Amino acid sequence: MRYRLLTAAFAATAALNIAGPLQAAELEVTHWWTSGGEAAAVAEFAKAFDASGHKWIDGAIAGSGGTARPIMISRITGGDPMGATQFNHGRQAEELVEAGLMRDLTDIAEEGKWREVVHPSSLLDSCTLDGKIYCVPVNIHSQQWLWLSNAAFEKAGVPVPTNWEEYAAAAPALEEAGIIPLAVGQQPWQTTLAFQVLLTAIAGPDAYTKIFGEKDADLAAGEELAKVFEAAAQARSMSAKSNVQDWNQATNMVITGQAAGQIMGDWAQGEFQVAGQVAGEDYTCLPGLGVNEVIMTGGDAFYFPVLDDEEKSAAQADLAKLMLSPEVQVAFNLKKGSLPVRGDVDLEAANDCMKKGLEILAQGNIIQSPDQLMSADSLTQINDLFVEFFNNTSITAEDAQKRFVDLVANAD
Amino acid sequence: MADVTIPVSAPPVHADEALVGPSGPRPRKVISRRNIILYGTLFVVAVYYLLPLYVMIVTSLKGMPEIRLGNIFSPPVEITFQPWVKAWAEACTGLNCEGLSRGFWNSVRITVPSVVLSIAIASVNGYALANWRFKGADVFFTILIFGAFIPYQVMLYPIVIMLREIGLYGGLYGLIIVHCIFGMPILTLLFRNYFTSLPEELFKAARVDGAGFWGIYFKIMLPMSLPIFVVAVILQVTGIWNDFLFGVVYTRPDYYPMTVQLNNIVNSVQGVKEYNVNMAATLLTGLVPLIVYFISGKLFVRGIAAGAVKG
Amino acid sequence: MMDTSNTPSVAVRGVSLNFGAVEVLKSLDLEVGRGEFLVLLGPSGCGKSTLLNCIAGLLDVSAGQIFINDRNVTWDEPKDRGIGMVFQSYALYPQMTVEGNLSFGLKNARLPKDEIERRIARAAEILQIEPLLKRKPSALSGGQRQRVAIGRALVRDVDVFLFDEPLSNLDAKLRSELRVEIKRLHQKLENTMIYVTHDQIEAMTLADRIAVMRGGIIQQLDTPQAIYSRPVNRFVAGFIGSPGMNFIEGECVADGASAVFEANGVKVPLDRYEFAGGARTGKAVFGVRPEHVILGDGAGAMPFQSDLTIEIVEPMGSDSLVWGKFGGQNLSFRIDAERAVAKGDVVRIGFDPGRASIFDAGTGERI
Amino acid sequence: MHEARRPNPLFRNLSAKIAAIPMILTALVVFAGGTIWTIIYSFTNSRLLPRENFVGLDQYERLWSSSKWIISIQNLLIYGVCLLVFSLVVGFLLAALLDQKIRFENTFRTIFLYPFALSFIVTGLVWQWILNPQFGVEGIVRSLGWTSFSFDPLYNADIVIYGILIAALWQSTGLIMCLMLAGLRGIDEDIWKAARVDGIPMWKTYAFIVIPMMRPVFITTLVIIASGIVKVYDLVVAQTGGGPGIASEVPAKYVYDAMFLSQNLGQGFAASTMMLLTVLIVLIPWAYLEFGGKKRG
């Protein structure tokens, strides 16, 4: 089975080689995949790109999206663009596209029939502006996952929970066993992620879409949401002692059993793989906190700034095609622990957590990621609210809800 | 003349007879209360100041197991320079693992031209302001001095635009220009005050001999201003080497100065935090300004005080 | 004040002081009478200020003792020595008003309020600084500041006033005004005062006695008149009196019972000169003050006369200083301005050798 | 022979003007121009790229309604006041101690001043580790037996700003000490002698005579520290990154985050204009006192 895949990959690259005199061009690609699992995944892209004759210049920027995006943006607006750059699905690069700084990929998209191949199509819609396509979606990361360390629960003598209520109930037992019930990193986006996963699970996906999408302030102020804020307050007390900074440090606490669980997107799975843990045995994954099984179509897409250098532009086109080619999609997403964007690719080698994701994706109950629904400015404000809420116990659930309602009221 | 009883000038009693009562210098106890308080406080404060440096050096020479077990104040059992090697050549930010070395050479490539350029411009400014008072010169100078106090953030973005227009944004030259701009106020003030303190006759005599603006500058003013040049170099080298904000905003990853590289290395964590490597990296970054500080000693104080007090 | 007749107000016994290897004061003895105005006079660097600071207690002596009012104060703090000091730079506390300056020391000594007010009123009245009490030192003139500085010692009812060149920062006119005021103050208070200066006019006019110092040693301690007329050595002679004393190098030759001073053909009979240890012969320096040389008809009455051709005339308003050659060396003398003399005139001059001073050429000591 | 015209003033010492062009450009274009540009654009709703649709005071309204900004202003006040007071007091005490003509004066001065040569990033990182619960001081004291000892300001939202203050004090007190020492050595020796003769104890002489005399040195030092305080950024980024949560946010970081993180230039410009205001409030009275005084006095 594996053999068949390899030959296919080889054939594809061979074909590319023949097609036309290929100038080998150096292309700088910036991204913020600096943790162990992520770096392994991006190496797949680099390998495939180098195989196609070009040269991948790695522009990794540490410190997660929050640190990396500003650097990428100021380089593009500063007139010194890179070859290609990563952004999340959604509106982060909206203004850059409007300002005409991003390359129009519509012709490549038509040639590769991206409209049919990319599934769900909402990913491609986030890349489209006035009918033209400006980015290549490469993976689907859903944030709606709860990762639990089986070892931690054994140590606490509590069965591995199947949903949020059981998990919250097990918290006291975990604390007695000296285990931090919930690991949350200090970066603002991590606390917001925890909140909206709780929101989608407890209040349901359409409540999430109404609030983040249509900015429905009354719903935000409603009783339904009050329950969500209660759960958030509970999560806060469960994660009080986890004072780590980066998300992969929090994942590391789960892997080593210091913490019982972490609410994090499926990119955390890369860390579990690098640590050699097996889904189902060492760790358990609960999509939608085991309450509302849903997949969020968050994830990453690559944009290609307009370059005046002919060779580099050609290399850009090759990279764009290559990123969506089936083989590279498989190799990349396997390492990354995310779901491929191509509907026609099946991942037998995926572990059972990925398979759960694929099934939910196939059933089609998906929601858009906050980046796709809200502007960076409003989202940062919400991030600040929740990072403050999680670190300052004097803020009650009601205050937080009130301030959340104001934010939703004038978000754009 | 007041009626004054003038003592009969008795023959002076000489030292050979034993002088009764206290004589000679007052006996000062070495272990007096005053000395205990004085040296005691100074010693305690000195420990407070030296502690961080001690911890950094000690930890940077220990292996990770020793750090996890022992406490940070205990000296290293088996000294290893591996953390220093790793910090210099192998620490990773993201995929490229070239350690701080790239940052170091970037910092050198940024600091040297910036220091030379900013001092050249500022010394000419100071000289022009001190000796060739042209109309409006003081207006520009006052704006310049106010500029020294304006928080950088106010001018952060406008400068991004300016650099972009002249196509230097993101490269080393852009950052060099930024350092010249923000170094100019204090340095110009330093040079102006120094040149005004030089005797006026010197300048007038040269004018009488027919020397022009540049003739006087190179032949007379420059040779005499070595002390202030040294002070300016100290001020600029420490200032530019230690900068972080401009480094982050005005350059891109492969031109990052050492301070930005350090912050990235320390804050991007692969699994466990390697304190010894981080400490070695921090020491490496602080090495150059510390060496400049220890070599220049008193001059450093005078420079900073002159720059700061006058500023 | 208990009258202890002639016990000295300030006594310095065998005091010497050295900064590292440099010996600034060399086992010095000095006694200042009660109510006496003693001036320490000498060129800069002769140790006069250092001695004053030792007496004040601001400097630790290297050896010897210091007594004030017969009490051994060698190891005492300045404030316990009963002394007040006035500095060349006035050293007023710049941020306090005049009243603040005067009362700060007293408040610190916890004197009762009314006592402080009484003392300040008295000092203000003596020094006429009542209108200045509310002003800051920066708003006062040099003279006013100096008076306030004196007032600071006055209010503390000290036994001994110490002055460290208080007038040298002032201009000439103000200096003479304040000199008179200090004298008047001394006569009024009858305190002991020790006054350091390098200005010999101040010394001559103010002092009951002057101690001329050089190289850390007191050269001569005597009344101004004695020092003026009978200087113990050539240094003291040259230092006191302006314009300075004329020095003619030559030789004393025995002449019967007494001696004669000869210099390039000039012979001055020394019969009227009181030799310290009897007439002496050998190389000597003959010193005569310009004001003792009389010109014209008065010269006739002088025991010694001689002719002299005038070389330079320096008119100085009230009188003129005339220069000529005597015994082949320069001799100057004063004449009143009206007498018209010109270069080249030959005039007859005369003086009384008895008032002159003769010094041994080698040691410079008076013989 | 035409009568020589008075040379046009523009060309008088032309070379001086040419030589001063960089200064003129910097002063006018960068400082004056940049500042005005920022102020103008603080009234627009520019997001990622500056654009000219004006929205009046919206940006300022949003600024003062954002809890992150309010916290950063509170932090700045606490940090500023404490840093000013402590560094002046400790700096003066150290200077007074060093002024006592003691042995090793130079060694002590070198020890107190070396941190000033380091960058804020290095200082921030060092103090982050020293104040780290497991690894730093708290860990040590606990390992020595006093298990309930807790000293982890960087992880406690209410007192995190004081953790940053410790690092800032460690860095800047040295300079203040030098400025104070220079001031002390400038005082006329006779003043000390006069005070000793008046029987005034040492501490009173310092308190009532020397310190009032050093007023100008204090004011100038105050202005220098103040202008440094408003700009504090690197230290917070290195030591806490604004955490825990947004408890140690500072205005300078708010500006950077607004401009580059939330891609909202308008908000960033509004915040930096506010920072400019705080500096001017400190600066103008001082400039008036310093220069205005001379013209009047």
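Note that the chains take the letters A, B, C and D in the order they are written out, and that residue 1 is the start of every chain.
Convention: a contact is a pair of C-beta atoms (placed from the backbone, for glycine too) under 8 Å apart; a residue touches a chain by one contact, two chains touch by 3 or more.
Worth saying up front: this structure is predicted, and the values here are computed from it rather than measured.
S.K.: Between subunit A and subunit D, which partner chains are common?
M.R.: B
S.K.: Going by the touch criterion at the top, tell me which pair is linked by more C-beta contacts: A-B or B-D.
M.R.: Higher contact count goes to B-D.
S.K.: Which chain is most remote from subunit B in terms of Cα centres?
M.R.: Ranked by distance of C-alpha centres from subunit B, the top chain is C.
S.K.: At what distance in angstrom does the C-alpha mean of subunit B lie from that of subunit A?
M.R.: Inter-chain centre distance comes to 45 Å.
S.K.: Provide the C-alpha centroid distance between subunit B and subunit D, rounded to the nearest whole angstrom.
M.R.: 16
S.K.: Could you state the distance in Å from the CA-based centre of subunit B to that of subunit C?
M.R.: 54
S.K.: Find the geometric centre of each of subunit C and subunit D from their Cα atoms only, then give the gap between the two centres in Å, rounded to an integer.
M.R.: 57
S.K.: Which subunit A residues reach two or more other chains?
M.R.: In subunit A, the residues touching two or more other chains are 74, 77, 245.
S.K.: Where in subunit C do residues touch at least two different other chains?
M.R.: Not one residue of subunit C touches more than one other chain, so the list is empty.
S.K.: For subunit D, write out the residues touching at least two other chains, lowest number first.
M.R.: 241, 259-260
S.K.: For each chain, which other chains does it touch, given as pairs?
M.R.: Between chains, contact exists in these pairs: A-B, A-D, B-C, B-D, C-D.
S.K.: Inside the complex, what are the residues of subunit C that reach subunit B?
M.R.: 5-6, 8, 13-14, 27, 29, 31, 33-37, 60-65, 72, 74-75, 186-187, 190, 208-209, 221
S.K.: Please output the residues of subunit C touching subunit D within their complex, sorted ascending.
M.R.: It comes out as residues 53, 56, 58, 77-80, 83-85, 87-89, 91-96, 104-105, 108-109, 152, 156.
S.K.: Provide the residue numbers of subunit D that touch subunit B in the complex, in ascending order.
M.R.: Counting only subunit D, the residues touching subunit B are 9, 12-13, 15-17, 19-20, 22-24, 26-35, 37-38, 50, 93-94, 97-98, 100, 102, 108-122, 125-127, 129-130, 135-136, 139-140, 143, 170, 174-175, 178-179, 182, 217, 220-221, 223-224, 227, 230-231, 233-234, 237-238, 241, 251-252, 255-256, 259-260, 265, 268-269, 271-273, 275-276, 279, 283.
S.K.: What part of subunit A is in contact with subunit B in the complex they form?
M.R.: Those residues of subunit A that touch subunit B are 30, 32-36, 39, 42-43, 58-63, 71, 74-75, 77-80, 245-246, 248-249, 252.
S.K.: Within the complex, which stretch of subunit A touches subunit D?
M.R.: Within the complex, subunit A contacts subunit D at residues 66, 69-70, 73-74, 77, 92, 94-96, 99, 186, 188, 191, 243, 245, 375-377, 379-381, 384-385, 387-392, 403.
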